[in-house]
Structures are given as C-alpha cells and as structure tokens.
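Here the structure comes first, spelled out in structure tokens, and everything after it is commentary.
Labels run A, B, C, D and E following the written order; every chain starts at residue 1.
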C-alpha cells in the first residue's frame, strides 16, 4: 500500500469536510446525485472521446499504480549487475548463461540474453533503449488519461454550475428559492474542482513518478548490461551505477575509497 | 466505428442532460439558436482566419478519424517484415522483388522498393524518416485545427455571455426580465465551454493519438526495412521489433525463450 | 487574396453581430469610442514596450501575409531541381552555370551558386541551414508581435471593465444608471476578448503557418541542391523530395512504379 | 533612448487614463496608496523570495536595458571579420596580432586572441560557445525576474481585491458605503493587472529580445573567428555571415554576383 | 541566512497587512482556523497523493534550502582546478594523488579519483555527467513538490470559498448574516492565493535557482577535471572556466592580457 496516496486522500477529504462542519455547514448539502451525474458523466464521456478504448481502459487500471507500493531496491540490483560483470570478466560472457535461470526480473534477463547471444553492442543498445522508451510511452498514456480528466472536470464543473444558474435565473420571481438554487448550482463546481485537484491530477502525478522510477530502473539495467558487454572494469561499473543508486561507496565513505 | 468516440459523446451529453432534467431544469431552455450562431459562427470564423483553406478543410475532414476504428495489427506487420528479412538473408535482397506484388501497404512497399533498388542505406534512412515526419506533420495540422477551435470556443462563449449581459443590463429597469435575460446570456457560456470540452478538445486528442499510432507503424516499417538492408539476423530483428509490437516472445514466455 | 482570412473575419463578426441583433440587442450599444481607446491604446502601448521598433513595425507590416495568397508550387519546384540534378549528373555541375539566369527564385539561385562555385559541401549545408533558420527566426517575430497583442488585449479588456465598474460603483446611489453603467463597462471586455480571439491570435496563427510553408520550401531547395552536390541519382532525389511535395510518384501510382 | 519603450508606456497609460476621463471617471479614484502598498509590496516580496539577492538586484538593474537603444551594426561587424579573414589568409593568423589593439569589442578581441595563440579549434569552439551561453543564461535571469513579477502581480491584485471585499462585506449593513467600498477594492485589481501587463511583462519581453540580439552578435563573432581559424575563403565567409547580417550581397544584387 | 527569503516573506506579509490595516480592515477578520484547515489540509493531502513518501518528505526538508545562504566561490574553485592542471602537466596525473587528501569537496575528490585511477576519458565523462544529472533530477523533485502545492492551493482556496458560499446561500433568508458569511467564505481564497503566491511558488523558484547553481558548480568541476585528463594547457583551461566563474582575466583587464 502506498501510504501517502491513501493518507493524502483521507487527509484532504477529511480536513476539508471537518473544516466545513466546524464552520457550521451541513455536509449533506454538498451531497447531490444530479451534480455527480453531470460532472462525472461529462468528464468520463470527454475522456472517452479523447482516448481510444485500449488506452482508456489502461488508464482506469493504472490508477492501481497510485495505491501500491513497489519501490525497487536499486542498490541490490546494481550489486547483482556488478557481480555479473565480475563473472563475465573472469569467465567470459558465456558464463552468464548459467546465471540466467536465477534472474527474476524479465527485463534484466532479456538484456543479459543479448550479451550471452553475442548480439552486436550497437544493436543491443538501440533495442534496449527502444524497449525502455516504448514501455514508458505506452504506460505514460495512463497518466495522461487522468491528467485529461483533471483538465476536463473543472470546466465541466463550471458547465454544471452555469446550467444550475440558468435554472435558478428562470425562476427568479420566487426569491425564496434563490439561495438554495445557487447553492445547488455551486455544488457542481465543488465536484469538478475537488475531483480534479484532490484525485485526478494527483493520481496522474503519482503514476508519472512511479513510471519514471521504473524507467530509471530499466536504464540502470541497460547501462549495466551494456557495460558488461564492453568488458568494463566491475569497480568502475560500480562507480558508474552510483548515479542511479545514489549509494555511498561500499567500504565506508570517501576516505577509505581513496586509500583502496 | 470507434466505440469510445460515439459512446463518449452519447455518455457526456446524455448524462449532463439527464442530470439537468432530474434537477428540474427544462432542456429546452438551453436550446437557443442565436447563442449557437454567435458561438459556432465566431469559432468557425476565428479558426478560418487562423488556418489556410487547405488545412482548414483537412481539419474538418479529419474529424472522421475520431470516429473510425483502424487499429493496425502491429504483430502481423512485424511478422511479415521478419519473414522478408529471412527471405533476404537466404536468397539476397533481390529475392524480395517478387514479394512486392503481395504487399498491400503502400509505405511498406515503397520502403522495400528502396532495398530492392539497392539505394544507399543512409539515403534510405533519411528519405523514409523525412517521409514519416512530413506525413505526420501534415496531418497533425488537422488536430491543431480542432485544438484551436477548442481554445477559441470558451472565450467566444464568454464574449457571447457578455454581449447578452450588456443587453440585460441596458434593460435593468424591468426586473421581471432580469432572470430570463441572464439565463439566456449564460447559454452562450454553456455552448462555448461544452463544445470545447465535450467535442473539440477530445476530438483533437483522439486524432493525435491515432496519428501517433500511424507514425509508430511507419517507424516499425522503416526500422524493419533498414535492418533488412543491413542484413540483421531475423531473430534479432524480431526481438528488436518487440519494442513496437509489445508482444511476448513467440514460443510461450520468457522461460522457454531462454531454453531456446 | 487569402479567402479564409477575409471570409473568417466576415463570418466571425457577421454571425456574432447577427446573433446579437436577432436576440434584440442594439448593435450600437457595443460601439463605444472610449472603450476602444482604452483597449487598443493600452494593447498597442504594451506591445510597443515589449518589442523594439524594428520588430514592432515588421509585425504591423506582416499582417499583410495573413491576407495574401502565395502558396508555392512545391511539385514544380521539385521537378525543376530534379532536372538540374539530371543536367549536373550528365554534364557536370559547371553546366548549371548557364541555367542560373533562368532561375527566378533568389534562394534557389543562391544555393546553386554554391554548387557551381565548388564550395565545400559542409560549408554549403551549414550556410544554407543558417540562412533558412535566420530568415525564419527574423520573420517569426512578426507572429510573436500579434501573439503578444492577443495575450495583452483580454487582460487590458478586464482592466477597462474594472475601471468602468469602479466608476459605476462610485455612483451606486443612483440605481437607474447602474445597468447602463455596467453595460458600458462590459464593452471593454468585449473589445479585449473579441479583438484577441477573432483577430490578433488568428493572425498570429496564419502568419506562423505561412512562414512554416516558406521554411519548408527553402528546406526542399537546400536538400535538393545538397543532393545535386553529392551527385545523388536524380530518380532517388525525386523520391526523396516527395517528403516535401507529397505527390504520388509520376507514371501513375505504386503499381506501375514497381514495374519500372 | 529606446523610443518604443518610452512611447509605449506613455501611449498605454495616457490613452487608458484619457479613455477613463472621457467616460467621466475621476482619475483620482484610482489613485490609492494602500492598494499600491499591498500590490507592489506583496509582489516585491514574492519576487525577493523567488530569487537570490544577486539575481534580484541584477533584474532591477537590467530594466535599464529596456530603455536604452544599443542596436549593434551587424553589417559593419561582419565586414570587419571578413577583413580579418583576408589578412589571415594572406599573411597568416599571426598577422592578426597587430590588429588586436584596434578591436574595441572585448568578445571579438578575446575570440581573436584564441586564434593568434594557436589554441586548438575544438577547444576554441567549445570555450566560445560556453561563454556565449553562460553570458546569455546569466542575464536571462534578469528577464525572468520581471516575468515572475508579471506573474505574481495580478494574483496579488486579486488578493488585494478580496481583502477589500471582505472589509466591505463585514460592513454590509451600511449600504451607502457599499459602492465606494467595492470601488476601492477593485483598484487593487487595476494595479495588479495594469502593472503586470503594461510594465512588468513587456519589460521582460524587451529585455529578452535585446539579450537575444546580443547573443546573435556574439554568435556571428564566434562563427566568423572559427572560420578564420579554419582558413575559410573570405568570400565564402562573407556569404556565410549574411545569415546574421541579412544584407544583400555587396556589388548590387544577385545578377552581378553571378557574373563575378 | 538567505536575506531575500526572510526579507521577502516579511516584506510581502508586512506590507499587505499594513495596507489592510491602513484601509481600516481588521486583521483579525482574516484569521480563521477553519479556512486554514480546509486550504492547508486539502493542499497537503493533494500533494501527498501526488508524490511518493520519500519525495514528499524530501520536498518538506528542502524548504531549508530557500533559507540558507550557501553561495559557492566559483572563482576559488576554478583556481584550485587550474592549479591541479598545472601539477598534472608538470608531474603527471599520479602526482594529484597526494593532493586528494586536501580536497574538501566530495564531488571534486570523486572526479579527481577517476583521473588518478586512469579511468578511460569517455567513461569518466559519462559517469560524471550521469552523476550530475541524477543528483539534480533527484533534488529537483523537491522544487516540484512546492510548485505542485502552489498549483493546488489557489484552486482549493476557490473550493473552500464555494463551500462557504453554499453555506451562505442556504441561509439567504437571514440577510443580516449575508455579508459576514461572504467575508468568511472569501478568507479561503485569501489563504489559497496568498500561500501559493507569497510562499509555495517563490520557495519552488528559489530552490530551483539554488539547485541550478549547484549543478553549474559540478559542471565546472567535471569540465575542469576532464580537461586535466586531456592534458589541456592550464592557461587555456583558465580561459575556458571563465564561462562559469564570469571573472575578468587575472592580471587586470583585457589590455594587459593581450600584451601577455
């Protein structure tokens, strides 16, 4: 579970409703099925027009990504790759073939397979880069679906409010209904602005951050495996991968490293 | 038929009007010919000024793209190209000449013609890249026409509403007409915001997604054909094209592949 | 004459005013000299501060570009270049010298002069690219002047409306003037939003489209002339330039071409 | 003096105030010290938080750039460089050493010094490019300071107006003060929107245009000096620099040039 | 202490509240716990949903960066690197090993270690570049957290105001409470717009400026160390690093330099 997603939703809705209640407002006055129908129906429709079915469905499914916690252990991954580099340097790249069975990660296994198969370095690089980019682009559409929903919802909220106000204005001769009519109309704005800013746009942001982390993990793998192919010194490789792991050098700090 | 486009438009308009009806609003009160004249006439005029005739007409025609369903079978295309690569590797690139008659896709045929003609690889690449980019740029203007309409419509909606309010304000001495006057003025906003958010901007988005898919299809063809020209191993080519097809390797999953 | 520019302006203003008249509004009530003074004076001043004199004047002059129709015949241009390529291949590049007198287009003549003078290919490319880019950048400022006017006008329209409302509010004790005062104030918004969305921003858009077409024409020339210098096969060059002309191959369709 | 800056400010403020006066508004009613305190104090504070002291001060100083007129004579500069190229070609690059004393421009002198010192071409290029870029980036912050002020001012204007309206609303029971209270509150909006659109944003725009001109001047020098180092033919160099000077070729038009 | 951050916050809040007080407004009328609960609770929640826990916490911690003053002495750093270059040129790069103990800066020490270890120049460059970029990207998220807060706060402020207005409208029959109700509702807007424009967005801006300065410092180190590895002449290196230090050449001005 991603605690900031759950906690953030609870915090935002909880405190806003608490503030509303403390001010003496009736929470029930902002529960209104027709406004929900207009805003969420209109937004869903606009997003459906904006994206093909496959991407719309993927976007809906990818909201899951905002709620699960799946941080990769970049340090462990880098250590594993450095270890493969040591094996390859000592016993040749073919020695990696026996190790492939233990590799859990499909992308790492696929990348190592290239090395074992002796595929040309340039082809390996362009194929892995294209795969990373295509995987990222494909899933990034999921974030765009939510961003798009976050863009449509507030304007459709205004649309709903204006529709409500038109209704109010046509019955202006009965001033006793004026206030409650305007109040009802405004609920549409609350739904549109609220759903966009507390749910849709933050969902899009979190999905994008998680996709970027996955892209970086794959880039670490690609860089590492390409360095194995080039026969880079494992110690230099370790240093190179620190850009991704942001770990301090093993052996305890800069001073010792220098002495090594 | 693209069901999300049809379904999205029906869903958005249907649920918004249903919500409006459930709230007791009269749907007829938002049907207003003069507001439509102002918003759609003004928007059409602004878009006409903004684009040359050829592009304006193309944009109008390209709305068709939002409604048709023409997803390419990238997997079948990749398999066809891998098969050509096998033929070329076995029998030489000239052996492809006999296959050209069976190729339906004009872009694939054109690209293979370069290989058969023995055109220099660098010239082939730059010509195909330029053709893909030019084709994309030319059609992308169609999406821009709709994006531009989606940008102008809400502001012209506000223009219409302000014109209506000026009319109301000048007749303020008759307060019985105030409400219906404001209601009428607001309909312009509904038309501007609604058409932009439920039609124009989603159309632009869907057109762009479909053009991007076509561009990716052409890029797959270019990459594949250039790899045939380079004499790349068909198995490596298959692996390389997986970035575009996103298919699992043939032969059933990662485990078997490794064993192969 | 660019008929979409003229037609678009007539269509936008005509239909908006027609809609206004049909709704019973008096067109004269939105003719107001002081509002025009505030909006257009303020916008012109802001744009003058934003751009140097030379660029401001060029922007003003370039509005002409939105009204003239000067579409280049890319196909004829490509054919002419392919013909030059044939001459150069048959008789050497010096044979082009005799043809230069017939070349109307100054950019094409200038580019061919490089070839005839035997200037190094890399220098020719960088010089032509720099000339294309500099020409485009210089004129693109003209579009930016109008974009900038389209950005300032609506906010200065709001400024004008607020100034009008302040005036109204100070005389609130006489409620009979309230309506007409607010109506007058709102005219400033109409001028600001209207001029930006029906004139300034569409002008900027059309100027940009036409500059992009001219840039593409010059790029076609540069690509073609550089290919002549490299001694590219005229048939391959014809194929290459199709990215710019988007013409079907001569000889009637793909099938015949293959047979050739 | 940059006449469009002075003229633009006078034109914008003059015509807006004239329009206001002609409409019967009292100019004094929009002179209000507390609103100025809120808007300009708040904006200055926000900009101070947003930028370090060094950059804030530089931004303040650079407003001078919007008012001075310092257009470089690009043609004369190009002719000077072409002359140096002739000297270098005839007598060797060391012959330029004697000319350095006459060079006024520090950047040109610095660039020529590299040539005279026989520094490696690649090092010269990367050093000059880095110097141009660093100089531009450093000063561009000055434009960003004003852009940032232009972004904060209107929202702080709204903040001021809302603060004023709160004050008005709390005293709603005295309706005679309502109008003047709202008028006072609106002045904050006038200050925020006006200062941003008539001063801050146009200043930022003009500073950016002038920095771009200076960058282009330095790029002309760098291109020219690097061409001298490469020993490029002065006539070809002259042609190359025309991308920056946009001058017609000397000797009167295309026809004569061809004959040369 | 960063005096513009402290001074800017004090200046903005002080002058706005002073202006408010001078206008006769009661400062206490904009102190309202429930509005703060809604705006800051809602904004914090939205930001928590938008970012993973690690990045949210880092963003919160990085606000410290806006308040501390840690300008690097780029000139001293450049002189130190030029000195190392002289040592390396005179005595070989291994002579730098003895100097490493005195190097305070971990990034400079790390970079020099590559030179001393004789790592390949291309590997050194790509590793240092990746490290600089990764470090910048990682911390830039801190600025994005505040930018995101600055984006959510005003819309949640509008949400709070609309919730307040709904409450007011439902009790419209008691007009004596109307004014104070609207005033209360507007405080939510003040909190949202104020916190975004006086705190969150300026914080994000200042954090970004400081991160860019740190990135430039690291780039200076990388450029310098790579030049040492290439054996660049220390005098040319000094000239090259002036792009980063923006110092005048030592020895007092251009004239003397020329004479040297």
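Assorted remarks:
By our rule, a residue touches a chain if its C-beta (ideal position, glycine included) is under 8 Å from a C-beta of that chain, and two chains touch if they have at least 3 such contacts.
Bear in mind the structure is a predicted one, so any value in this text is a computation, not a measurement.
Common neighbours of subunit D and subunit E: there are none. Common partners of subunit C and subunit D, by the touch rule above, are absent.
Note on subunit A versus subunit D: their Cα superposition corresponds to a rotation of 145 degrees, in steps of 5. Chain centres here are Cα averages; for subunit A and subunit B they lie 24 Å apart. If you average the Cα atoms of subunit B and of subunit D, the two centres end up 39 Å apart. None of the residues of subunit A touches two or more other chains. Interchain contacts close the chains into one ring where each touches exactly two others, per the touch definition above.
Subunit A meets subunit E in the complex at residues 2-5, 7-16, 18-20, 22-26, 29-30, 66, 71, 154, 176, 178-180, 182-183, 186-187, 189-190, 193-194, 196-199, 201-203, 205-206, 209-210, 232, 236, 239-240, 242-244, 246, 254, 257-258.
Contact residues of subunit B toward subunit C in the complex are 33-35, 37-38, 41-42, 44-56, 100-101, 106, 109-110, 113-114, 117, 119, 123, 126-127, 130-131, 133-135, 138, 141, 148, 152, 155-156, 158-160, 162-173, 184.
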